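The following blocks contain the structures, represented as structure tokens.
Look for chain A in each of the two complexes below; its partner is chain B in the first and chain C in the second.
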Partner chain A sequence: MIWLIFAILAPVIGGFVFGIERKVKARIQGRMGPPLMQPFYDFAKLMDKRPMMIHSLHALMGIMYFVAEWFALFVLFLGNDLLIAVFFHVLAVLALVIGASSVRSSYSALGALRELMHMISYEPFMVLMVVAFYLVSGSFNFKDILNSQAPIYQLPLVFLSFLLIIPMMLQKSPFDIAEAHQEIIGGPEIEYSGPFYEAIYTGKWIEYIYVFFFVFLFGGSNYILGSILVIFAFLFVNILDNSTARLDFRKMVKFSWVVLIPLAALNIILLALWR
Partner chain B sequence: MGLFGKYRKKSPWILHYNTGGCNGCDIEILAALAPKYDIERFGALNKGNPKQADILLVTGPVTKNCKDVLRRLYLEMPEPKVVVAMGACAHGGGIFRNFYHVENGVDNIIPVDVWIPGCAPRVEALIDGIAEAIEIWQTKSKEKEYMRNHGEIYEKLGVNNDD
Partner chain C sequence: MGWIVFFNIVTPWILAFFIFYAKNDKVTNFLTFLTLPMLIIFAFLAYINHSYPLISTPEFLDYLIGVYDFGLLGYFLYQGIIKKSFLVTSLAIIQILFLIIVLLMKNYSDTPDIFVDNLTKLFYFIVALVGVPIAIYATKYMEYDEKEKHRFVAIIIWFLGVMNFAVSVNNIEWFFALFETTTLASFILIGFRKDEEATNNAVLALWMNQIGGVAILISLMIFIHVNGIYHFSDLLNHPASVSLAGLGFLSLSALVKGAQMPFHKWLLGAMVAPTPVSAILHSATMVKIAPFLILRISPIIKGTLLAKLLIIATGYVFVVAAIIALTQNNFKRILAYSTISLLGLMMLSAAVGTPVAVVASIILIIFHAFAKGFLFIEAGILEKAFQIKYIEQMKRLIEKAPLTLMFLFFGFLNMTFVPFGTFIGKWLMIEEASNFLSHGSYMILILYVGAGSAFLSVLYMKVLGVSVRKTHGISNIKFIPLPKRFNFVSIWYYLWLLALGLFIAPFIADFVVPVANSITGAYAAVTSDHLTLYVGNSTLYFWQILGAMVILTLIHALPYLVKFKVDTVHPYNCGEVFPKYIGTFNFECIKKYENILIAFSIALFILVVVLGGGLL
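Entry: the complex of A and B
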């Protein structure tokens, strides 16, 4: 029951997380930063703008991104497999890619291609991580994982890799290739405006919840450890975001496939042998 | 202005466009975004995308090459929107007045709501101008605005007038 409420409230909580993030970012740069409620003010303002559509499929895919993200969270919290939640997250990102590549703007198409690069670099890892959770707890259900002993003790390398995968999923600085704000001004979301952009903006907040919930799962039955891990991951990602410049997309894919995925696989293999 | 309109003033997103000035004004804008003045406190973001921006901040005299781009940026911004002209150049050409390549001010191309005087305007003046722009923006509605002799302009740009 409590998880259902959590899933329903996910956009609100995600909005607060986003507000905190903007505040933390501003403090790191020595500024005051916007108020905590800023994402909700943005939400209200974007809903009040005149809707300008390119074509209906494009607008629909923007809303689809939001709906599919939220649906992935529901799948996760209503006690289904983690794997299915991961696949629904793929569906959400695919909606964004289809929408972005259906318009004639070259920036948008470029952003869509780069978003696919993001996907091929983090999705295999997500599947591996779910497999690792299965090895530790013997179940694909998040409730069993939360009841088992903290997986971080047995999966330190997977956690380490996941820390570096988070910037790819949330499009943070060393890997914010798809939405390069200086070059392809937002990438896949460039052509969205008003209420449709709002859908994508809110979908991002839900993605925050989705990602940080996976971090929380590493704590297992020790909820305090889980919370500490979430706060640590949040601060780490923000500091990384503020202190690094953007990389080439080839480097991102290479880094993911040559370093992170073998690292996680090594951890899983050692764990399976040791059992 | 509906339920959501009340919060409009709390998140003005700025699109900044330089139509050929000397960059003096642009540096002031960057100073406003930097830690000392920090206009992100008021929710203002510097968006590079006209489709998601609310305030069009124009600096510099409008050179003939930039004219159409400025029009396009104005047309691509969804209403409600406001235009702020910053600096002496944007008012009537400033030191570039009556040169062979300029159009003498933003007002000759698109309607302007707020003028910020000075060369270059101080950051305080810029913040004042943005605050005034936000007040004007609050009173605007979602209806389509037409700029000066839009029919001609649409024809010249080759855009179909859809309504």
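Entry: the complex of A and C
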């Protein structure tokens, strides 16, 4: 039941997380930053704008991105298999990519293709991470993982790799390649406006919940440890975001495939042999 | 039972014979349409018949097949000589010599020669439901500036009969005959247009598949020499003593037939033929013999070094073919590479051989057959009705050919996304491999499946991304009426895939699992309850299936139905001039590694035979 409420409230919580992030980011840069509720003010403002679209397909895909993202969260919280939830996340990517490629805008199309590169980088890792959880807790059900001993002790390298995968999933520097504000002006989002942009925007908030929930799982039955890990990951990602420059997408794919995935695989093999 | 099997095999041969000699439009169309209900009924009769799977045949049939073998190999020899192909000629001579040796070595066995178990019945269904619509499609397709329509349709229907025969045999010597007959059929079909390119590719397919034939003959010699048996059922009854070297060569022939790298060139070459040929080679017949063969022997090879090497080799192909597919720009080539890739996955899961892995393999076979048949049909329509062959030409397809794009879209969704069979196959494989992981093995399997499925998703999204691009707000979608037979076949596949996707849980639990159980002889822990699928401790709830289905339906079909009443604007595009043409990533950077990747696959291939077969 609690998970159902959590899933329904996800956009609101995600909005707060986003607000906190803007605040943290501003403080790192020595600014005051917007109020905590700013994402919701933005929400109200965007919903109030006159709706405009390029064509129906494009606008619809923006909404579908939000729906699919939210549905993936429901699958994560109410289903009992993490692996399925990981595959459901691809549906959201599909909607985003189809929408972004459907307009005659070079920035949008380029962003869509780069989004695919992001997916190549993090998708296999996510599968690997879920398998690692299975190895620790003997189940794909996240409730069993939350009842078992904290996986972080047995999966330190997986956690380390995941810390660097998070920027790829949330489009943070140095891996904010698909969004790349100074370069391709937001990539897939550029052509959305008004309420349709709001759908994409809220979808991103839900993605925060999705990603940080996986971080929380590393705490296992020790919820305090899980919370600490989430806060640590949150701060780490933000500091990384503010202190690094954007990389090339080739470097991202290479980094993921040559360093992060082998690292996680090594952790899993060593763990399997150790026990 | 014997008569039902007889009708399943012989009906297509007889109908093909009539079509071939009647050379009349009405006869061809009528008989082709007639094949569909007939084969479905016979497949269904075979399915509900639970009698003993082994069926004896009259003695003269054995001699007949021996004679037929020599005739067939003689024809190959003749073709090798007139086409001036050294490889074809020498391989045909080698096969004739080996066949003589086999016939001399062979001792009398009273094991029946026909073996119709659940796996065979499944293939009857695939041939009827996936294969025959392609023949119906071909009756219209060949009317677009192609020659010899009747001969073509007749060969395709005959091919279906050959396939039905090939999956029902028990005697490996007969299997060799049927294996080479499918080679002959593909040789004729690939070279159908008779121009230089078609002939070259047909010869390529011929000699590559002949290598598979040689491998079967070698394995036969080994089996007869070491074990004194040459029937599949006998092999399955003596799992411990069967010679691994023989099994190694048998798997080699499967790898060749399944177009695994480095023998993938023949399947790529097949695309020069009319599109129904590709459709039929990729979906219901020919390449599906490969996973069929591995499934047949999977209880014997399970857990051996051979199975592990097969897993490594086919999994490698699964990933690498998907990567190379990214660099292609010919639409049919992309589809061909994705077939090669997924065949790798099917054989991988068949080689793992545990009950759940076998379930995964069968699911992949079924859904790949439907989806690939569907995609090739649509590719053919694009080619004939819209003159589109390359993905650059597919830009703004959504305006030119909205309905065809919708079908293509759905086919692609079926190849990787959530509630559909291909996803279930991958999911089951990862779960199954995770169980082994506690012993520290099969790590590479998980990496293969995770990576390969990510690459395939990227491939499909890339192609779709090009085709959905539209001009400005004003959408002027034109529905161009297509021929009725094209629409019939498209909707046939569409509805089947939709229904199978929605009712996937009972379908798997009630239809696929019994097949897998009869192969492995153990119980696969896959059940369903109220359209929800249970696999071990994991659950795919019906609301998840339904939700994914609704989301995907909205994504692929609604753009044609939904019209928001909202003001439209031009794209912002940062205020710059609109680009005339937006391309897509061509992954040029991967191309230079292609030869290295293929060279590595050759090494794995040799390892499978040499180490896996225990030749060292």
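In this section, the second predicted complex is superposed on the first by the 274 of 275 C-alpha atoms of A that agree within 3 Å, B and C clash if a C-alpha of one lies under 4 Å from a C-alpha of the other, contacts with A are read in each partner's own complex, and residues count from 1 in each chain.
We take it that a contact is a pair of C-beta atoms (placed from the backbone, for glycine too) under 8 Å apart; a residue touches a chain by one contact, two chains touch by 3 or more.
Not measured: the values here are computed from a predicted model.
Chemist: Quick one: chain B and chain C on chain A, clash or fit?
Modeler: fit
Chemist: I'd like to know which partner A:Ser148 touches here: chain B for first, chain C for second, both or neither.
Modeler: In the superposed model, A:Ser148 contacts neither chain B nor chain C.
Chemist: Contacts for A:Thr244 in the overlay, against chain B (first) and chain C (second): which applies, first, second, both or neither?
Modeler: neither
Chemist: Looking at the overlay, does A:Tyr41 come into contact with chain B only (first), chain C only (second), both, or neither?
Modeler: Only chain B; A:Tyr41 stays clear of chain C.
Chemist: Chain B or chain C: which reaches more residues on chain A?
Modeler: C
Chemist: Is A:Lys49 contacted by the first partner chain B, the second partner chain C, both or neither?
Modeler: first
Chemist: Looking at the overlay, what does A:Ala26 touch: chain B (first), chain C (second), both, or neither?
Modeler: first
Chemist: Examine A:Ile185 and indicate which partner it touches, taking first as chain B and second as chain C; both and neither are also allowed.
Modeler: both
Chemist: Just checking: does A:Asn222 make contact with chain B only, chain C only, both, or neither of them? Give me first, second, both or neither.
Modeler: A:Asn222: touches no partner chain.
Chemist: Rounded to whole Å, what minimum CA distance do you find between chain B and chain C in the overlaid structures?
Modeler: 6
Chemist: Of all the chain A residues, which ones make contact with chain B and with chain C?
Modeler: Of chain A, residues 50-52, 185, 190-191, 193 contact chain B in one complex and chain C in the other.
Chemist: Residues of chain C touching chain A in their complex?
Modeler: Going by the criterion above, the answer is residues 398, 416-418, 423, 427, 430-431, 433-434, 437-440, 443, 446-447, 449-451, 453-455, 457-458, 461-462, 464-466, 468-475, 537-541, 544, 547-548, 551-552, 554-555, 558-559, 562-564, 566-574, 576, 578-579, 582, 584-585, 589.
Chemist: Okay, in this complex, where on chain A does chain C touch?
Modeler: Residues of chain A touching chain C: 50-61, 64, 67-68, 71, 74-75, 79-81, 83-84, 87-88, 90-91, 93-95, 97-98, 100-109, 112-113, 116, 119-120, 123-124, 127-128, 131, 134-135, 139-141, 185, 190-191, 193, 250, 261, 265, 268-269, 272-273, 275.
Chemist: Mind listing the chain B positions that touch chain A in their complex?
Modeler: 1-8, 10-11, 35, 38, 40-43, 48-49, 51-52, 54, 78-80, 142-144
Chemist: With touch defined as at the start, can you tell me which chain A residues reach chain B in the complex?
Modeler: Of all residues in chain A, those touching chain B are 26, 29-35, 38, 40-42, 44-52, 181-182, 185-186, 190-194, 197.
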